[in-house]
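Two complexes follow with chain A in common, the first pairing it with chain B and the second with chain C.
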Partner chain A sequence: MEIKHGAMAGTLESSDIMVTILPNPDGIQIDLTSSVEQYYGDSIRATMHRTLEALGVSSARIEAVDHGALDCTIQARLTTAVRRASREEVAK
Partner chain B sequence: MRKLCDTLRTAMEKAGLQNGMTISFHHHLRNGDYVLNMVLETAAQMGLRDLTVNASSVFDCHAPLVDHIQNGVVTGLEANYISSAVGRAVSEGVLAKPVIFRSHGTRPSDILSGRSHIDVAFVAAPTSDPMGNCSGKYGPSACGSLGYAFADAQRADKVIVVTDNLVDYPLTDASITEDFVDFVVKVDAIGDPRGIVSGTTRMPKDPIALKIADYAAQAIDASGLLRDGFSFQTGAGGASLAVADYVKRMMLERKIQGSFALGGITGYMVDMLEAGCFKAIQDVQCFDLRAVQSIRENPNHMEITAAQYASPTAKSTAASNLDVVVLGATQIDTDFNVNVHTDSNGYIIGGSGGHTDVAEEAKLTVIVAPLSRARMSIVVDKVLTVSTPGKSVDLLVTQYGIAVNPARPELAEALKAARLPVKDIQELRQMAVAINGPAVPRLQLTDRVVGQVLGRDSRVQDVIYAVK
Partner chain C sequence: MRRSMLFIPSNNPNMIVNGGVLGADSLIFDLEDAVSPDEKDAARDLLQHALEAVDFGKCEIIVRINGLDTPYWEEDLRAILPMKPDAVMPPKVCDAAYIQTLDEKLTELETEFSLEQGRTKIIALLETAVGVENAYAVAAASPRMAALFLGAEDLTADLRCQRTKEGGEIQYARGRVVCGARAAGIEAYDTPFTDVQDLEGLERDASYAKSLGFTGKACISPAHVSTVNRIFSPSQADIAYAKDVFAAIAEAKRQGKGAIALRGKMIDAPIVQRARLVLEAASEIEGVDYLA
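Take a look at the complex of A and B:
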């Protein structure tokens, strides 16, 4: 999928992750801020890379603010953000 | 003799406060307290240095304490609980000397035995007369019980009462009395009432908290302790409060006449007293306005001192008469050790308070906690800090099941007979890992000790290291 414009998914609530996705000229760039960085930081980044690959996204910039979301939540929020960002019309 | 001083500074000068002395505070004004900051500000103006602050608890409103540490006015800190604002600075190494953590019972024990000496004690008194007969029950800053301040008043070399509600001599319903008080100071306000007590204590609606509470209440019932003469302590936090609601319903339904409720007291405990569940409340600290009103008006709602509450060296205490206590945990390990001092990143975010005391004393100690909070497993292989040793803990109740300390096989049998979901604590640990995913901890602490956690024997039970 192609990232055509910026989009967001998720919230800043505990156990959720807020994902902002933006077009990126070259490759995947992930900026993660996580309350559980010391325990799950690498795991969260790996999950995001896997999810983007499965969705066929090869170029995007991701800004994610995590408050302890589970893997399934991370996948769901990122997938939603990607779908919103790849729609033709800009979401209002 | 004239005790009334025009200013706090005059009182502090008359008390002979000097460099290197230990000053003490109590925390009934909680996050609304002005007195600790006021005293340290005055000490800084007087040019004093190298003071040790011994406070029963330190809250976020005491953040200016960090500045006084940085500028050398304060070089020692002892407390039973330090919330995150000051806790973060301590964890980052602001103090050269380690903080000494005690429990609410060990603090008065050490003060009364002389092990922990106080030069000047400051009593934040919502009402006082000019001779220092004082009370927390009356006045615009009313906080209810003054339980933690008694040992300080009894043993400090000098005692200064700071009040914003000076009344005519004699205050008839005084808690701390004039025979212990050296000086009295009237100030504009000792605290912000909005931070002193919360308006109402809310019952949680969170389904996980309610499920945990339901299991906990059933486990208490299955233990056989819920009968006439029952005594009970529970916290003010989410699931703990909900346990009280379930216990109350069972007591009313079966017409069980309990003996007493203990602890920090919320309006919910007052409701139970008034509904006839208990004959008395033993109150070391009030958490909300309803508790303050009740301790003022209901003779069965009694103020107790911290020593009377839970001192390990007292001849007997309310805690030593306690049947059941429900407590929380930030972490609990597979040996049932509980951490309430540090978060998963190693920062100081609290302390024992009365946790360690009542857990050791009560016949049944129930820890209520969700299996995880925001992906961090509460059940861990090893706690970062041992606040309450596992031998004091009988049950861990989570939304996925109840773990019974292997030292209590008869309790496990009773719970199984009541068809409660008894699980090995290792099984709960594995469930947490399965849900959250295996963590790869990169947490690194330094080898510098910033906190010593004293056990109930007043010896070092564990240490807290500085974060990187």
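Take a look at the complex of A and C:
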């Protein structure tokens, strides 16, 4: 999927992750802020890379603020952000 | 066994992942009123991934989809059906045709996703005057129909009356929903008690619903689950009496007696049927086979 414009998904609530996705000409770039960075930062990034690959996204900049989201929540929020960003119209 | 059905907002990861440990027999993941229109896509994605990954233990999984008069319901079904929910709950069901339209769509998607035909049950939410009036027709509209569920908040708005804790305004609807469901051979579930703090009110409301014939009750707060489970479970006295009924039948058979009495009262078919239902429910709740 092509990232046509910026989009967001998720919240800053506990157990959630807020994902912002933007077009990026230079491959995948992930900027992660997480309350559990020390323990799970690498795992969260790996989940994001796998999810983007499964969605066919090869170029995007991701800004993510995590508050202890499980893998399934990370996958879901990133999926929603990618789908919103790949639509023709800019989400209001 | 479905005594308590707990509503969980489908766009709230914290509540979703904890759903399985809150004690409810069933979880109703809500894609309708709990999710704003611009978050429907996010809720669908979250619920889809959660149903695939999270272990909800013995909880039955129900998904409240958006109404058939909205642009969302078909996408809801397409997203969640591959996750094999036990049932879907359509809101504001008005008549048998509504259920038949949903049934046809479920059949089409079950075929597309190579799922067992008819595996997805329907629990119809009756929350309009016309829906309540058509209770039996809705209950009998499809083999997928598992239960009717009364929604009193929208109903009282439709009836143009105030919703009260005493519930006089929904007396007729409660009776009609129970009667419609039982006539079609399916279950009936009562509307949630909406004052989260008032546990005495909940006790009265749930006990009254049970006395009318409801199988269980929906909850909007985890704090209500244990009370609802207790009220809709057979009491120890119910279980003891039911066991005595079957003991008396066995003893009469041994003695070759036709008529059977217990505690001065004749045991007839309805008493045996009620005793059987009590022991079936107790067996399921306690994991003990009382009918062995």
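FYI, the second predicted complex is superposed on the first by the 92 of 92 C-alpha atoms of A that agree within 3 Å, B and C clash if a C-alpha of one lies under 4 Å from a C-alpha of the other, contacts with A are read in each partner's own complex, and residues count from 1 in each chain.
In this text, contacts are C-beta pairs under 8 Å (C-beta built on N, C-alpha and C of every residue); 3 or more make two chains touch, one makes a residue touch a chain.
Note that the structure is predicted; figures quoted are calculated from it, not measured.
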| item | value |
| --- | --- |
| A:39 touches, of chain B and chain C: first, second, both or neither? | first |
| Chain A residues touched by each partner, larger count belonging to chain B or chain C | C |
| Partner chain in contact with A:76 - chain B first, chain C second, else both or neither | second |
| Set intersection of chain A contacts, chain C complex versus chain B complex | 14-15, 69-71 |
| Residue ranges of chain B touching chain A (in the complex, touch as defined) | 344-345, 373-376, 435-437, 439-443 |
| Residues on chain A engaged by chain B in the complex (per definition of touch) | 14-15, 35-36, 38-43, 67-71 |
| Residue ranges of chain C touching chain A (in the complex, touch as defined) | 12-14, 17, 38, 41-42, 45-46, 48-50, 52-54 |
| Of chain A, residues touching chain C in the complex | 9-10, 13-16, 69-73, 75-77, 79-80, 83-84, 91-92 |
